[in-house]
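Structures for review follow.
The following pair of complexes shares a single chain, subunit A, combined with subunit B in the former and subunit C in the latter.
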Partner chain A sequence: MEKPFVTIENVSKIFQTRNRSSIAALKDINMQFGKGGFVSIVGPSGCGKSTIIRMIDDIIKPTAGAITVDGFTYDNNVPISKERVQKMGFIFQAPNLYPWFTVKQNVMLPLKIYGKHSQEYDEVADRLLDSVNMLGYADAYPAEISGGMSQRIGVIRGMVHEPEILMMDEPYGALDESTREQLNMELLKIWKDTGMTIIFITHNVEEAVLLSERVYVMESHPGRIVAEINIEFDQPRTLGLLTEEKFGRYCMEIENLIGKIDLSKVK
Partner chain B sequence: MEKNYALKNAPLVKILGSGIPPIVLIVALLAFWQISCVVRDIPTWMLARPTAVGGALASGFGALLPDILSTYANIIIGFALAVAIGLAVAILISSFSLLSSALTPLIIALCCIPMVTLVPMMMLVLGTGPNVKIIAIIIQAFPLVNLNSVVAFLNVSPERLELMQSLKANRVQSFLYCVFPDGIHGVFTGIRLASIMAMVTGVSSEIIGGNAGLGSRIIYFINFSKTADAFSCIIYIAVLGIIIYGVISIIESRVKW
Partner chain C sequence: MTTKPKSKLFNICAPIALIILLVIVWQIACTAFDISFHVLPKPAEVGRALLENFPRTIFPDMMASVKVMLAGYCIAIPLGFAIAAFSSQFNLAVKSIMPVLIILMLTPMATLVPIFKLFLGVDPTLKIIIVVLQCTPVIAVNSLSGFIYVPQAKKDLMRALGCRKWESFFRVTVPGAMPQIFTGLKLGCILCTIAAMSADISVGQGGLGYRIQVASSLSATDLAYAAIVIAAILGVVLYMAVSLVETRVITWK
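So, the complex of A and B:
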């Protein structure tokens, strides 16, 4: 991670509640990482992990601070440019497929919105469907495929327009352990093949250590980053890492950081 | 989930084809009606027997055809315009909150006024021709399409809408790909309710004034104690209701989600 590609500078977010009190969701968030990196954000639920990537994707505006992606800076007043948005992909916690579109139409939805209709993109969609073994289901409707399949489609929809940055909001949270491991391995392969920058949100510490080059650990009330841990394993990573002692040490270190916060609250 | 919608989504053909039970029930009711009339010796001028109604249907069709066409045309045109206007206004209202706050009270008021009470006054201005009936149908039916559609569009699933925000879709794209299909069942609920209001308003306007249409025929026949012919008019009205319901059901059955 050399030259900074994504920079988050002193970003804070205050939400106004319905009875007009304000909640500090995020306070002074600073992050910086290079192009092609894989970073994870872990933390207790409600610490604002999802809010951070929603601000990078410009779905939510920061109250203070600024975000710079590839030299373009945006904040509360300056919206992200259309061209820049098209270089970002967002993968939701739920697959969020539209039941009125077929699997392939769902995958192609970002292209439709960006007005990219060429044959070339059609092939990209087919290739992605093939890469997750779903080409045979291209004309099926979401109601006709399983939860794991839906999640795969949700993931490739986020990358069909070949984004430079992929934000993933606990994409495999609802899946069983073995499907999750399989999809994680698929993700690592896609990351290696495309050279995308991936920002991965999870509350699963092992998953974060297995996948990422760097893990940001967060604490809540207000949401803030308490540690930044570089995970030094060789690429490509395999599930074999799970049994290594070093892997266990990383997990322990992160779990302690999160656990400390929880223990202090239990009184 | 699908099962709950089974009846709602089934085309009319399927409902009718689903069996002998409804046919048996209808035949039994008609038989009961016929037998009661015969056994109690009820005079025809008071209550026509099913066989007499059948006879009237066969013999009176030619003479009634202009009225049938007039009633069908008014209701179908009025209903179609009500759906189009209701939907168009719903799209505007759900997109612009200022329009919503300005128009919604008026539309709710329209919904609450029985048109039968306004039609006589409208006839003073517009005469008793088809226009006044079509206008009455539109005014009574469009709010139902409108209010149900607005509720459906504004209650779009936040997760689905967030995908559109994430992709920075414009208003039109967001409506076409997300909001409209998400709310389609609410729109259909409005259309179904509107079809009932269109039928009621169409026929009652004919009863109130003018001498065209099945509604005015019913009053004419009853004045001459021709109850069998009056019943035949009611059956023609019911047939239109069934046709409209069937068409709506067939269209909605194409919506698979």
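So, the complex of A and C:
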């Protein structure tokens, strides 16, 4: 098997609440992500899906365990360097745009921080803006565009600096179905063109099956992996897959796993 | 789009019209109720006193007050900002310094002049110290409020982009806190005018506050009111200048 690009070994995360009680968000998580792969993580709310990618992107530190990216194991007490962080892109659930920047300045923010000021990157930003039909709004401020438009800007901001790993935290949750499908297809195209490693968090089982090569299914309280399912469809994938019987079987399998979790919680 | 210039003109004309109306009411009330010159001179008399005394008395006093106001305000801005920036980095500092700043903000600093005179004598810098002490806390309190209420998601994005604490502070916290910082700066310039006038009265040695006190004691109430009018205009001009900078800085609202 190919050497994994991102490895998570026995990672646990405990959060301290304000009233000094502890919440075990993740317990003994082991995951591997190959270079250039597209892997989704699905599971119920509060199972720690977002926490996993936040730890990979060094936004938060694990309480125990080791995270290794491209052969470098993070120190659990020291933030990783900017040089390493810029190999990764992170797309948040909310657009998280800065109101004092225009749409294009928001998209260009990672380039500004990483000192990438070339004409080439400016063209990358324009191309991405065009891909989400937002080039005409480049000089608008976030307060002047709709929530869905803001979300699209948040998505392309995460990939403007052409990261090697793209982490997406339920990025299309606030979008309508047609925009979602359009962006999913655009994402598959970008993935194919760039060879990025994509880790995709979603609630939507169909979306996970349509996009991913592999799906991790998680359970909550504490967050842990309950299944790892390989999705064996040829590339490039199209929306036509949605009607295939095999697609339905994958969705059913995952939904059953998540359903069992919910039932056990009721007990 | 077409209503915008009209509303802008209306915003300028409405307060001017109200001021003119109040001056007319003032003039009529003084005549109708036969109010004594020593209590409330007519606006025309105040205007005459202003024109007659402006070159020799009011202008030098105005310049003395302007120097104190600007010197104090220009020291208070970076000082208040630095106190807020430093405190915002430590939870303990935020918790401990906020009540102290609020107490200082509410303390009329001119009341400390007699105590300061014991140490410094009647020194011209004493007035500037009063202005600095009065303005700094309000600038610091408002800036600090802005710095500590930046949403966590905005900070998370900085962290996701590999920015450390101070880079994140200048890239996100400061721009995000700009509305509160300008609230502090505008309150600061109001307090700056009040503090400068109080300092003139308490310390003496020129300035509009000193002129108001001297003119009142000599029953030259027209001159006292003329000096009050100039003091009010100074305050308004400073406030408008800060507001103008605010509209240039906060362009996204």
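Just so we're on the same page, the second predicted complex is superposed on the first by the 263 of 267 C-alpha atoms of A that agree within 3 Å, B and C clash if a C-alpha of one lies under 4 Å from a C-alpha of the other, contacts with A are read in each partner's own complex, and residues count from 1 in each chain.
Criterion: contacts are C-beta pairs under 8 Å (C-beta built on N, C-alpha and C of every residue); 3 or more make two chains touch, one makes a residue touch a chain.
Every value quoted in this text rests on a predicted model; they were computed, and no experiment measured them.
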Next item on the list: Identify whether subunit B and subunit C fit side by side or clash on subunit A in the overlaid structures.
Entry: clash
Check: Is A:240 touching the first partner subunit B, the second partner subunit C, both, or neither of them?
Finding: neither
Check: Touching A:71 in the superposition: subunit B (first), subunit C (second), both, neither?
Finding: neither
Note to self: Just to be sure I read the superposition right, which of the two partners does A:195 touch: subunit B = first, subunit C = second, or both, or neither?
What the structure shows: neither
Notebook entry, point to check: Does subunit C touch more residues of subunit A than subunit B does, or is it the other way round?
Noted result: C
Next item on the list: Could you say whether A:98 touches subunit B, subunit C, both of them, or neither, answering first, second, both or neither?
Entry: both
Next item on the list: Return first, second, both or neither, reflecting whether A:141 touches subunit B, subunit C, both chains, or no partner chain.
Entry: both
Checklist line | On subunit A, the residue positions that both subunit B and subunit C contact, one per complex | finding: 57-59, 82, 85, 90, 92, 94, 96, 98-100, 109-110, 113-114, 141, 143
Margin query: With touch defined as at the start, can you tell me which subunit C residues reach subunit A in the complex?
Written below: 153-154, 156-157, 159-164, 167, 171-172, 175-176, 178, 250-253
Note to self: Give the list of subunit A residues in touch with subunit C in this complex.
What the structure shows: 54, 57-59, 79-82, 84-86, 88, 90, 92, 94, 96, 98-101, 109-110, 113-114, 141-143
Item checked: Residue ranges of subunit B in contact with subunit A within the complex -> 159-160, 162-169, 173, 177-178, 181, 255-257
Item checked: Residues of subunit A that touch subunit B when the two form their complex -> 57-59, 82, 85, 90, 92, 94, 96, 98-100, 109-110, 112-114, 141, 143
